[in-house]
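Look for chain A in each of the two complexes below; its partner is chain B in the first and chain C in the second.
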Partner chain A sequence: MRIKIKPGKFALLATVALSYLFLYLPVVHIGLASFARNSNFPYPPKWSLDIMARLFSNSLYQTALGNSLIIGIFAALLSTALAGLATIGLMRHAGRRAPLYLALFIAPLFVAEVLLGISSLIFNGLFLGLQGNMVSAILANTVHCFSYALLIIATQLYRYDWRLDDAAMVFGASPARTFFEVTLPLIWPGLLGAFIVTFIMAFNNLEISFYLLGATPTLPSAAWGALRYGVKPELYALATCVNLIVFVLLAVMFVLMRTGLVTFGHRPERERSAV
Partner chain B sequence: MAYIHLDGVSKQYGSVWAVDRVNMAIEKHEFVSLLGPSGSGKTTLLRIIAGLERPTTGRVLIDGEDVTELPPHKRGVAMVFQEFLLFPHRTVYENLAFPLRMLKLPKSEIEARVEWVVGILALRGLEKRYPNQLSGGQQQRVALGRGLVGRPKVLLLDEPLANLDRELRQEMEVEIRKHQTDLGIPFIYVTHNQEEALSMSDRIAVVRGGRIEDFASRTDIYDRPKTAFIAQFVGRSNRFIGTAATAGDTISLSGEGVRIETATRPGIADGERVAAYVKNEKVRLRPASAGGAGAANTLAATVRYVILRGAYAEYVLGWSGGELVASRPRSEAEFTEGAEVVAFWDAADVDLFPVPEDSR
Partner chain C sequence: MKPRVAPAIFLGIPTVFLVGLFVLPLLSMLVLSVWRTENYHIIRDFSFHNYEVLATEGAYMTFLLRSLVMASAVSLICTLLAWPIAYGITLYGGRYKLLFSLAFAVPFLTGEVLRIIALQGLLGPLGLLNGVLLSLGAAPLRVIMYTNVASAIGLVYLYLPIVVTVIYLSLLNFDQRLIDAATIFGASPARAFFEVTWPLNLFGTLIGFALCFIPCLSATLAPRFLGGPNGTLYGMAMAQQFGESGTWALGAAMGVVLFAVSVLLVVGVARLIDLRRTGFTGFGRG
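For the complex of A and B:
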């Protein structure tokens, strides 16, 4: 029996396939190259861990990885915490001016990262007494990540029924207890999502971190600096490692969503209709 | 001194007074309903008692203690919400145990109390379920159980039955009243549904425009409405509008082809525009052939529709001044659609008020 595929459907499938190839072929290529001896043209690949070993024996990249992790984690923690508080403020206390506050919170999205880097360098140096260093870089990245975190958290909190907090308080929970017993367990998927996304953003950021750190390497700035000496195979390995970290994090989010853990978040549509 | 006192309580939102100088005294053991149309401020009043809203002026006293400045979690009250508001990430057991954990009771005590509430509310077997795995009626029972389990000083109920269908509602009415009587704690019940208020309450406060229109026993509210609003809002009534004329100790209203007579009321002057209300079930019928249509408190009419309500029937009558509804038990003689009848009522069943400005 022949399976007949209608031309229209075939065209759709082909488009989907091409789109995915377009998106992922470069990544796959670099992935193959970083595990191959013939890394310039790894087809067919001759497997080897040489390049990886070279990457991991290079202390520059190790320092850079450490710095990127520190910037990523702290910028993500800070921006998630601040954005969480900002969203709660927006939804519970801003009233009619909420759109204005929201616009101001989101405006940093539209500032070029280079400009943000330069202005943070100058401001942090002049007024906070922070020379270009890790703290300064974390703060500048937080500014950038905050807006993204806010958008992600807002989508989750938008569905949260704040009257659940009323219920908790009436039944004897202090405001802090209410937050940890009721609010947080219901909104943590949004917070985790914001944390993961902002971590990836800060971890991968070149422009902002570069301006504030100068000679202190991060993974992106080390990779960028290495370009001056030509594209070395270590860069393939580096790219693959970074991509791996990102994919693992995305996989975590995906699994959480699929297993239904995340649906523990309050979903009003599953409740009885509430008027 | 009453158990719960509201002393000049007002709440202002912007330029609107949602609650306007409310004074109430509620006894322990009492079931009180706040009955009013939506937007009348009854829910705001309830939330002020709960501590979820701060009154702009006035004081709230519970069990002799001024709780006006206390946050909700220190008031020892409990609430049942219209939307149930069960904690969706907690099982039925955990939802019921929540108020007890907040009271820091020992584990054995918590288990015993949850067990007790599971028993009286027929929730056995559902303890491990999550709220979204329950039917509406079950969610309502859990919400009620969560309200009762901590033995609060007062249980506040905010339209708890509004999301249930009619049959379930009537079942729950009986149940709620039973638990209130058994536990002997005051219930304050907000509703816009007069049947709910009438079926359960000891006393009813009719709320309108942020004010208490009247606060009296349910029979007084129903049988002796104090204002035109209550006459219109509670029960189903026919309204006649006309001009008042006093003669001795009777006052009559003439207009639209009917003359209504009743005992004089204080505060109604001669020649004033007045509205007379006669409850549907107070309107009686006899065949037109029996005569006597010209007298006071009678009018000739034709049966337009007969609406069967089970134990009783509603007769929608057409007469020269419009429509009139008479409801009467099925056991009484029935009239068919199109029948010529005389509708009549006792002078004592007429409620008379000056015509309120907003319904002229």
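For the complex of A and C:
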């Protein structure tokens, strides 16, 4: 075989490599900085856990972490459940009006987060007379996460064979039993993926939560507050911790998908027909 | 006949939820924008005063124009960068495609504030870039941080992952054999790209562009922490109306302007493309 240097391939791969470098350089830099005593320029790092210890003993960040976790979990649960309903509705029950519903369901993607936060603040504060509270923050985050969850679940459900449901019903299963014994066991990986992604999004959200929470701190708003007085090593440590958590969650997802413990969608029948 | 309960549950609940918590808030923003704020109180008279202020006061027009230029430039850069990246991953990713695409999601899912902190670690006065320069014995760069260039770098950093992901998904669903078909029939690689690959992935590209443009247009954090004194953008000025200045009604009017620009963009994009030409076959399989 003739060996030829392909300039096109080289340029493509170089762009990919450079973009990963661009994305990960800051992440790695602050990661090293937060575990080093010489945090401004940790090359080579003098390892120490001082900054991490300072971060974990700060009670503001502890409260903030609790609040962020609550927002993240509830917003993710709600948006996954609603998006699951909406996806099944779109595919099974919408009929000719599907484009209309789809437009409404993905509209939040095209509205900036800060606008969502501000408009919910106006609606709650002026028209409902509500003070900032966790429930409205969770609900507003759910709106934003819903569209992302819908897209994730839709890519999985797209391949789902609805005739399995019909088969169960023909053999006398009630709709509820069909859902819990046939549909849910087959689609849960999609739901789990949506849950993980929306949890991370709501957990890290600043612009929606900030306007709806008043004085209640979340992790991003505490970081925002501290950032106004300049970057401190604790903030590097905080960002590193969150990066590690996100990384671990996605790594778990990746391993599950690779090892085949979780296969997305159920499609043996389609594969056979494709041959 | 049995009443159809299922559509009411499956479509009704999400619709009610979105109308109540998404459409109504946007409408209330529209209503507030024609009221006034005086001394932190809201006065409920109908007038277009806020819009007059926005149209006549030079600063707001400057902010809006600057935001539009910034958002267009950043989205263009992101799209131009994202194409080779996504194409490279689909062509040469092999069995590690999934890993490569998930690796782009990690920075995207870390919140905006934390990513700006990371960027300050890179570009800041005491950051990596200046640290390298200092240790090489050169003078630190002062021109990058706190300028519009820093804002733009920050926005590209923030939104490149989503553009890459969208274009990557578009390319993944695109049937690569069509390129082979085109080359077999004698098209050069460039011609195959511009007549087959590009038009069939235009829809995904435009969605990626819009999903970058819209948040950039209303960016509040990047210009505040990376941009300099000449870096105020519209979204940042709007956020200030709800914070320091307390003029909610004016802020609401600015929100309406931003929303209107976003809607115009989406409608423009939707008219620009012919879905059937892009190979879109519809949602769901009925």
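Basically, the second predicted complex is superposed on the first by the 246 of 275 C-alpha atoms of A that agree within 3 Å, B and C clash if a C-alpha of one lies under 4 Å from a C-alpha of the other, contacts with A are read in each partner's own complex, and residues count from 1 in each chain.
The working rule: a contact is a pair of C-beta atoms (placed from the backbone, for glycine too) under 8 Å apart; a residue touches a chain by one contact, two chains touch by 3 or more.
Keep in mind that what you see is a predicted model, and the values were worked out from it rather than measured.
Of the two partner chains, chain B is the only one touched by A:170; chain C is not. Legend: residue contacts after superposition of the two complexes on their common chain; A:107 is shown touching chain C, with no touch to chain B. Residue contacts after overlaying the shared chain place A:122 against chain C, while chain B stays out of touching range.
In the overlay built on the shared chain, the residue A:93 is in contact with chain C alone; chain B does not reach it. Of the two partner chains, chain C is the only one that A:258 touches; chain B does not reach it. In the superposed pair of complexes, A:20 makes contact with chain C only, with no contact to chain B.
Once the two complexes are overlaid on the shared chain, A:182 sits against chain B while remaining clear of chain C.
Judged by the number of chain A residues each one touches, C leads among chain B and chain C.
Residues 175 of chain A touch chain B in one complex and chain C in the other.
Touching chain A in their complex are the following residues of chain C: 4, 6-7, 9-11, 13-15, 17-18, 21-22, 24-26, 28-29, 32, 42, 81, 84-85, 87-89, 91-92, 98-100, 102-107, 109-122, 124, 126-128, 131, 134-135, 157, 160-161, 164, 169, 189, 210-211, 214-215, 217-218, 220-221, 225, 235, 238-239, 242, 248, 251-252, 255, 258-259, 262-263, 266, 282-286.
Per the touch definition, chain A reaches chain B in the complex via residues 161, 163-164, 166-175, 177, 181-182, 185-186, 264, 266-267, 270-275. Every residue of chain A that touches chain C in the complex is listed here, in rising order: 8-9, 11-13, 15-16, 19-20, 22-27, 29-30, 33, 40-41, 43, 82-83, 85-86, 88-95, 98-99, 101-102, 104-105, 107-116, 118-124, 126-127, 139-140, 142-143, 146, 154-155, 158, 175, 197, 200-201, 203-207, 211, 219-220, 223-224, 227, 231, 235-236, 238-239, 242-243, 246-247, 250, 253-254, 257-258. The part of chain B that touches chain A in the complex is made up of residues 50-52, 71-73, 76-79, 81-85, 87-89, 98-99, 102-103, 131-132, 136, 139, 146, 150, 156, 162-163.
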